[in-house]
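The same chain A turns up in both complexes below, where it pairs with chain B and then with chain C.
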Partner chain A sequence: MRSASDILNAHRGDPTRLVQILRDAQHACGNWLPARVLSEIARGLGLPRARVEGVAGFYAFLNLKPVGRFRVLVSDNVTDRFAGSAETCGALCQRLGVKRGHVRSDGRVSVDFTSCTGLCDQGPALLVNGLAIPQVTGERLDQVVRLIEADTPVDEWPADLRRVQDGVRLQGPVLGATLEPGAALHRVLHASPDDVLATLKDSKLRGRGGAGFPVATKWETCRTAPGDSVVVCNADEGEPGTFKDRALLMRRADLVVEGMTIAARFTGATQGFIYLRGEYEFLLPHLNEVLSKRRAAKLLGTGICGDRGFDFDVDVHLGAGAYVCGEETALLESLEGKRGVPRHRPPFPVTHGYLGRPTTVNNVETYADAAVIFGLGLEAWKALGTEQSSGSKLLSIAGDVERPGIFEVPWGTTVREVLKLAGAGSVKAVQVGGPSGELISPKELDRRIAFEDLPCAGAIAVFNESRDLLEVVVNYAHFFAHESCGFCTPCRVGTHVATRSLDKLRQGRGSSAELAELGTLTRLLRDTSHCGLGNTAPNAWRHYLDKFPDDLARRLQAGFVPAFDVDAALVAARTARGETP
Partner chain B sequence: MSSFTLDGADVAFTEGQTIIEAARVAGRFIPSLCAHPEFPAHGSCRVCTVLVNGRPMSSCTTKASEGQVVESNTAALNRDRQALVQMLFVEGNHFCPGCEKSGACTLQSLGKELGVTSAGFAHESPTRPVDASHPDILLDFNRCILCELCVRASADVDHKDVFALSGRGLHKHLIVNAESGRLADTGMSLEDKAMTVCPVGVILKKRQGFSTPIGARRDDVQTPRQRLEAGRKP
Partner chain C sequence: MTAKVRVATTSLAGCFGCHMSFLDIDERILPLLERVTLDRSPLTDQKHAGPCAVGLVEGGVCNEDNLHVLREFRAQCQVLVAVGACAINGGLPAQRNHFEVGDLLRRVYTEEPGLTRRVVPDDPELPLLFDKVRPLHELVKVDYFIPGCPPPAEAFWAFLSDLLDGKEPRLPKGAIRYD
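Then we have the complex of A and B:
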């Protein structure tokens, strides 16, 4: 077993690697971080112990209390729910003889839910000690139980059980790119910064992570800011229902790194990071292999492409279960080994990012797009899309469709066309862009996926006529409450208060009082939250309340019903007295 | 000198000042909680949110700039502030009548200032044991509003790093720098700056109960608004 000092040495005693160190230490200590280990790490890094504990306490995958030696986490996205995740969770608990959220008495196993793991097209999905196991029903569920009872370490589980499909259903210029490694980079190598900038501007490429910021502006600001700049790839794909970066990293990782290298060439960066969400740990060996191959081919490292002044390398950092780290400044905090709390802006990362250096942070898809633009040329790119949204967009489609998976479509495609591609039948509603996006009704299916109409970072979740939309809304609201970093009052308390109101509505105990409270919360979160998580959290419920009045009306009581349910509270006492509850 | 307008009045500022700093110097009150004149802005309570040229921004983290139109005392903003203060009350356990800090508590004063007369939301009633391990100091976490002033004072002024935050979301909480988790095993002492900065009643000196009677305490005599406005230049 590795000691704390071995782990610290492996990370060069570097405090910015704290999250990586804690992950490794937890692995070495049987899946949790005992108090004395935190003390050792703090001493080794020269950090206050409480700060180390505070970092460990922030991330959902780091445990300050013992969990099972097999920690089984069931993905709790609503599409996993509809694919039977609750049944899978129940069956696992029953077969393994453990209560959800508890550790079995022999310490072998614990089972609990976790936020969306990005395997929505292959649900219900599990993470077992961090590794993804898709489609856990029937025989595959039996297999999981047998392997745990046989104490087989998860990295020795059959490859077939751990195999994740890339899920690609429709290729476009990015997923179908046949560029040789280095082809796009070579085109940039001898171009002047002005020419590169002109191409980027002309391409109208906008960030693919959701905000849609013009890439040319971001890269140019970073290039001209004083200091050693850094290139960061945001692979913290946490928005529930989004799994398109998973496919890109499985199939086109080389293109992504090529895009990062082009950004480095342009901005003058020598250091790069891929911040990979903890749920995608299964991709780590593959990514490291891609990086090694590129180093061997002189496409990464020192003297790239034989140019002695061109040095750039990329390190993969793993997250540890925190949606908020998809927000770029929270991501940078995490990358520096801290709690993933979003920073105040300004200053923006382009001038003051990683360790205060100018930093280009872009989504996985954005870098792949940049490589395609330089590799295949502007014309092919500009032939696709709309006025304000150029090129293609990767969509990850899940829920009630015949063909869930990844579809690369031109921007401007209507929701109706997207649904047809994926084989949707009856449609009650579609969530575009995940819980922080927009829930649309069947009347809106001719709206276009584009920055000028329905912006979408990738997630499309389809719900058919049989689904309870309030179950969707409640699931999303709980997601935000679970993922709030807790920094600011409105988000920390407000997301939680919202879950109470919505739970009450779902139980059929809600009235206009709950609607008024949700209205207050919508305004408060939107206007006063510290970051985008809080600002967009009300999207989880407000579109439902606005657009599905008939559905809502059926759930409402005419008058106020107290939150306290006297009969429920008396069940235990009445049972003890032998009364029928 | 450059200036912006706050609710119609001109407020002068110097380069680098935030809106709330400039307002404070000018004797103009913007309700706030986690902002402290001796520490850099924190921006977590959001009570000081104002409209800057029509956009909601926290006035403690937004730099003042020439010609800004800042609105603070509006019905809508005060309603939002009320809700934020109510949220801070319901997430912890605040029993003002029995609290040593009553009358000198920024949360309580702000509640009065904003006309908060009810909890507004359902009480969380969390279980938060106190830490009475230290011979001279009591920590009552029930009242913590997570402003991090003690964290900052202990790190930046005392250079002791006694406090930090752990957990996240509603489970975010204050911790102390000891493997035992007890204040007695940290370097905290009565002389620390961290003893003096808590805006509520978390960090208390033991054996000092009710030395100033209720009714004669800091905010009983003069509310934070009155104190600030008393210093306003005519």
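Then we have the complex of A and C:
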């Protein structure tokens, strides 16, 4: 077993690597972080003990209390729910003889839910000690139970059980790119910064992670900001229902790193990071292999492509189960070994990012797109898309469709066309862009996926006539309440208060009082939260209340109803008195 | 002069601290009473509320009787106000929510040393406890919340003055307290 000091040495005693150190230490200590180990790490890094514990306490995948030696987490996105995740969880608990949320008495196993694991097209999915296991039903579920009972370490489980499909159903210029590694990079190597900038501007490339910020502006601001700049790839992909970066990293990791290297060439960065969500730990060996191959091919490292002044390398950092770390400033905090609490902005990362240095943070797909633009040329790119949304977009489609998976479509494609591609039947609603995006009704299927109309970071979740939309909205609200980092009160408290009102509606106890409360919370969260998580948390319920009045009306009570069953709440006291309740 | 406005107050699972703080408006109670008639209130000892414009409720709901009184207030008062941490969150009494109420009753009345009669009190006059202490808004619709433990006298004064003047009540900054 690795000792704390071995682990610290492997990370060069570097406090910015604290999250990575804690992950490794947990792995070495049987899946949790005893107080003694936290103290040793604090001493070894010269950090206050409270800081180390504060960081460990922030991340859902770091455990300050013992969990099972096999920690089984069942993905609980709403599409997983509809695919039977609750049944899978129930079956696992029953077969393994453990209560959900508890550790079995022999300490071997614990089972619980976790937020979306990005395997919605292959659900119900599990993470077992961090490694993804897709499609856990029937024989595969039996197999999981047998392996745990046989005490077989997860890394030794059959490859077949752990195999994640890339899920690509439709290729476009990015997923289908046949560029040789380095081909795009060579094109910018001898171009002047002005030429590169002109191409970026002309391409109208905008960020693919949600906000759609123009890439040319971001890169140019970073390039001209004083200091050693840094290139960061946001592979946190935490928005429930989004799994397109997973496919890109499985199939086109080279292209992504190439895009990062082009950004480095342009901005002058020598250091790069891929911040990979903890749920995608299974991709780590592959990514490291791609990076070493590129180093061997002189496409990374010192003197890239034989240019003595061109040094750049990339390090993969793993997250540890925090959606908010997809927000770029929280991500940077996490990269610096801190709690993932979003920073005040401005200053923005482009001028003051990683360790205060100018930092370009872009989504996985944005970097791949940049590589394609330089590799295949502007014309091919500009041939696709709309006025404000150029090129292609990767969509990850899940829910009630015959062909869930990844579809690369030109921007401007209508939702109706997308649904046809994926094979949707009767549609009650579609969630575009994940819980923070927009819930649309069947009347809106001709809207276009484009920044001008329906922006979308990738997730499309389809719900058919049989689904309870309020269950969808309640699931999303609980997701935000769970993922709120707790830094600011409107979001920390507001997301929880909202779940209560929504739960009440769902139980058929809601009235106009709850609607008024949700209205107040919508304004409060949207206008006063510190970051995008709180700002967008009300979207799903707001759209539901606005667009599905009939669905709502049949659940509303005429007058105020208590939040709980008053008679049932008296039973315990009656029993204690010796009355028969 | 216009007719006086009827105001009722009550304490449920609270400590009367909120009422004491209300009285800290000191001599301003005189001009207030020129505009207000106190209906049911610990200050009048009137046992039931009649139709009122405003009801101020201190304390959360810990037993059947609390609920009964709260419902009477809701039925009689046009504007119902949750006053203080207990009414808004359950407050101090809600510390028992971490325990199972049946267990608590048995431990306190049958297991503690020094008890002579080891039974859980069962006089039908005694209101039954709820499994948890709850804030008012889980049981009835609440129109306004005045935070604080207790809210400062200034908060009562500002709130009632605004309401009596027919304005939407707004607490001045220093009057919004969470302690």
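Some notes on this structure:
As a working rule, the second predicted complex is superposed on the first by the 566 of 581 C-alpha atoms of A that agree within 3 Å, B and C clash if a C-alpha of one lies under 4 Å from a C-alpha of the other, contacts with A are read in each partner's own complex, and residues count from 1 in each chain.
Just so it is clear, contacts are C-beta pairs under 8 Å (C-beta built on N, C-alpha and C of every residue); 3 or more make two chains touch, one makes a residue touch a chain.
Bear in mind that the values here come from a model prediction, so they are computed numbers and not experimental data.
In the superposition on chain A, no contact is made by A:75 with either chain B or chain C. When the two complexes are overlaid, the chain among chain B and chain C that reaches more residues of chain A is B. Of the two partner chains, chain C is the only one touched by A:560; chain B is not. In the superposition on the C-alpha atoms of chain A, the part of chain A touched by chain B in one complex and by chain C in the other spans residues 563. Against chain A, in their complex, chain B makes its touches with residues 41, 43-47, 49, 56, 58, 61, 80, 83-84, 87-88, 90-91, 121-122, 124, 146, 155, 161-172, 175-179, 181. Put simply, chain A touches chain C in their complex at residues 511, 513, 560, 562-564, 566, 569-579. By the touch criterion stated above, chain C contacts chain A in their complex at residues 64, 67, 100-102, 105-106, 120-122, 128-132, 134, 138-141. By the touch criterion given at the top, residues 35-36, 38-39, 48-51, 53-54, 56-58, 64, 322, 339, 344, 481-490, 492-497, 500, 517, 520, 523-524, 527-530, 563 of chain A touch chain B in their complex.
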